[in-house]
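Same chain, two partners: chain A is paired with chain B first, then with chain C.
After this line comes the complex of A and B, so read on.
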């Protein structure tokens, strides 16, 4: 060990650009395989949009795990709840949705998204208090409790809204595509990408530029130390859990609009995808979650285009490949 | 001797188990109706399946979401063999000879790949693998019949039309269906007794040691990954056999009856309600659950209609027969929270350390 003088600059955090390059490399490799440029652009935009939406939904899950070692198997319930709550606003105001002006479309969409965030965030607080707090530190019981929560939430949604699929048409401003020559880009995908980027940048800013973010990052790395320094990590955790649930809710609204339908089983279906994403990314890592979401979406889209049969298991293959390379995910942040 | 030195250790529990066993044994004689037979056969099959899951969840403390996958492998291997080779005993033998090794190999692969890490990782990976398998089974329609599944015929001896002893001789009819039922009953009972033997062997003790403190078990010199993988393979084998029995009983397999995630949830509910870490809990849990599944819905139907007549808002929706899983889910959470040892743990009284 060499002596460090107090005037020496702090050692720079190690940069690890390799995983971040992975989606770019994958997209470029796919260009000759797909053949035509126009379908490549469409596929790439589609996977970016899908990846952003998955990222929004999964980001809370990975932070919650990183911070408190809690894996919420019921995270998908917030997605479904968010989507259903949004229908409360979107369906009665369907006239505004179909009006041909961006302003009135947004006047419906934004309140709907905010309401979903509020409701799923509040629900997150309740779930954290009732289901998760009694079983801190007990993995087995956490899995059982949150799985039970997922069942109850799904059934309650059926009981309240009925078992049928609710169709949810896109607002008219976001229907159709931008066309450049022979390249068509769906408008809604651009919106999804923008929202996803805003959320990603927002989370990164909060985590890296604020005191709360500092505490969260410190808590992910070493919870006991943060507690020893006198911070209420449980309160911090409650906050992270609520924000994560709210993000899942707004992700649910976006996903429902993307699929143009709402169904209570969507939460359970997306759970598997989210797990694959956060395993690939490294549990607890936001950057890893972002890259993982993009990779999963890319493999899904390119795979579905090139080898449709393979698309069924492509996500599993991707996960196996990544774990062979880095057994603890792309960015291993937790010591657990 | 036959219980491997692990008696129920509670008078009420003993009585319950004896009553359930006798009821299952005499169902074809006392209640020869199609529905009662179906319920009884389902209880037998699920008791074995849930017991094999309990080996993983209750005795080793690992949560696997891939148990229905092994169940499905067993069911599909019998179904595909009988469908493509015609109804013969040889086809059943081929189905068994193909299905069991596939299940074991897959369990081995999953175990070696992911049991080294924490329980939570294993749970996620099995969930992902199982959902991929389900999609695969519903897409490879040339082999599995896709979403429609496969209907097939059994060897002649087991067909319902084959009357062995007519009703006039004994007062009840023994036909192929009865014979199939007793085959299911005997095989399930045998599997449960084998599992009871496994968990009470030195091997089973090591599994419990791993559950209580994996690090200490490793420090004592046990190769924990080997033990966990071995337990995973045993569980997978029994699950595959239970799947075969279910295929024989239903004469049909499809993704919804064997592979769906809701069956996995049902198994979880049965283990937890019956009692984790007690093989007997599987029998109690599956009996309670399947009786509830079949008869509680009728009850809820009346409740729902009464609430609708009384004009209470919301209650008719909550009591609708299709919403029975809502109530079981609440029961599930309550039982994990308040009595994690389940019915059997409660009856035995002596508090076992929670897994």
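After this line comes the complex of A and C, so read on.
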């Protein structure tokens, strides 16, 4: 038997470190521009924390689009629902939240986050079945259905919880800052960074070390071939949609605590930002979504500090610049 | 010899196009049936319809006697049908190993089976941990076929495995498929390369305009130059 093409040079695994270096380069470039080291550290930590929270909320969105080509403009609803559901635990147990004990704080925060994930995930299953499934492959209808779903969800939240903004103070253990000389790092931002990193590492482990993860990565690239290998991609998609919704829910809790308030339109307000992140990152790419979220947050924070008037358009400018460099995003994993 | 696959009066519409227009044929068990025809004759559409990727709008498809024309693609695959598409469709973001892990859906890969495949395709062993996206066209085609045979399948549907490959690689690929044949596999093979078809085929079907216009022994068609010219617009001598 001829050794088929075995004389070809051994292909090297393709590595593409440039996008991953972008946040580092951007942070270093900003150091002299910001001037003060303490301000730079504060802005950088704020960017990382904000980026991690956006990543948690947007990660499901990018997988949902990559896997099934579904444009879910209603993803923000899961963020708001997650935040509101958390208030069911956090507000009645406000005493525990304000106790000067990390354990007491966590004893409320963790169940609140888990409940938010469970409710958002379950809601995701219903939305996938009722709204998304009838409009597979029809982008215009997907936009109409999911945007309509977002409006209905927001109005339902107003009807259930009332029109007023609900204040949500940080737990006492996460108020204040760690102070190192003249540098102050907000405790909650450190928590947000840690949770974001855990979620990122967890998703990477699932995607790279489990068969389900391989199926998701393969499905993002060629769902028809995954079906031809004997796997029901729609069941897989339902699972991904539920997990993505659950992550959006817990991201909503974190975002609400970050802003110290809950309101029904908080998810809708983040929708454009999340789409910018997943487009910058490359639709379907978790790594790209992670870097995109960090870049968006950095541009928002540094830009807001240096040129406040640019804040409104800074993320759009970032997206334009990235797409001019890489038209399919930082890490293109689909042909879309 | 029993018929493993039988299509009776199969029609397929894609959008407003009527692609398959009453396709009838059988694929005998343990043999290689070639599906030939000009571009656009409906060969790939036939494989996609059998695989359930396009649903037949009329007619019957039976696999081992069981009707499958309304069965979902993953369930058809689980009935024992392996599919190698024209586009190769190796998952480029996954390594060679990961591509095969996915294809071995019944559990961990069988080491003996993997070694058997390495016997056909030594390059896959060499590039085991490389991303499939970094492989050459021929290597991707090897991977695509390896994926279809990593577990025993009743029927292999292979769509133009030699398309776009260098002649030396085509020769090797033909040898590989012969090895798979010797293992007793039943194959329905779409091919434009008549030389490959002559080497591999036991039976032959020729399609034109969405229906079967000739069926018979591959050796008989290979020996009948006027018939080749009539059916395919070429002869074996001019298509080596």
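Keep this in mind: the second predicted complex is superposed on the first by the 323 of 336 C-alpha atoms of A that agree within 3 Å, B and C clash if a C-alpha of one lies under 4 Å from a C-alpha of the other, contacts with A are read in each partner's own complex, and residues count from 1 in each chain.
One rule holds in what follows: contacts are C-beta pairs under 8 Å (C-beta built on N, C-alpha and C of every residue); 3 or more make two chains touch, one makes a residue touch a chain.
Note that the structure is predicted; figures quoted are calculated from it, not measured.
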Original post:
Taking the superposition as given, does A:52 touch the first partner, chain B, the second, chain C, both, or neither?
Top reply: neither
Original post:
Counting only touches as set out at the top, which of chain B and chain C does A:168 meet: first, second, both, neither?
Top reply: neither
**OP:** Please indicate which partner A:229 is in contact with in the superposed arrangement: first for chain B, second for chain C, both, or neither.
**Re:** second
**OP:** Please tell me which partner, chain B or chain C, touches more residues of chain A.
**Re:** B
**OP:** Using the superposition on chain A described above, determine whether A:113 touches chain B (first), chain C (second), both, or neither.
**Re:** neither
**OP:** Please indicate which partner A:186 is in contact with in the superposed arrangement: first for chain B, second for chain C, both, or neither.
**Re:** neither
Original post:
Of the partners chain B and chain C, which touch A:160 in the superposed model: first, second, both, neither?
Top reply: first
Subject >> Contact residues of chain A, present in both the chain B and the chain C interface >> reply: none
**OP:** State the interface residues of chain C toward chain A in the complex, per the touch definition above.
**Re:** 51, 53, 72-75, 77-78, 83, 85, 89, 91-94, 98-99, 101-103, 105, 119-123, 126-127, 129-131, 133-136, 138-139, 142, 147, 168-169, 171-173, 175-176, 179
Original post:
Which of the residues in chain B come into contact with chain A in the complex?
Top reply: 57, 61, 63, 113, 118-121, 123-125, 127-129, 131-132, 135-136, 139, 261, 265, 268, 272, 314, 317-318, 320, 322-323, 325-326, 328-330, 332-333, 336-337, 340, 354-355
Subject >> Complex contacts: residues of chain A adjacent to chain B >> reply: 65, 71, 73, 131, 134-135, 138-145, 147-149, 151-152, 155-156, 158-160, 162-163, 268, 271-272, 275-276, 279, 309, 312-313, 315-316, 319-320, 336
Original post:
Contact residues on chain A for chain C in the complex?
Top reply: 1-6, 8, 10-14, 211, 214-215, 217-218, 220-222, 224-233, 333
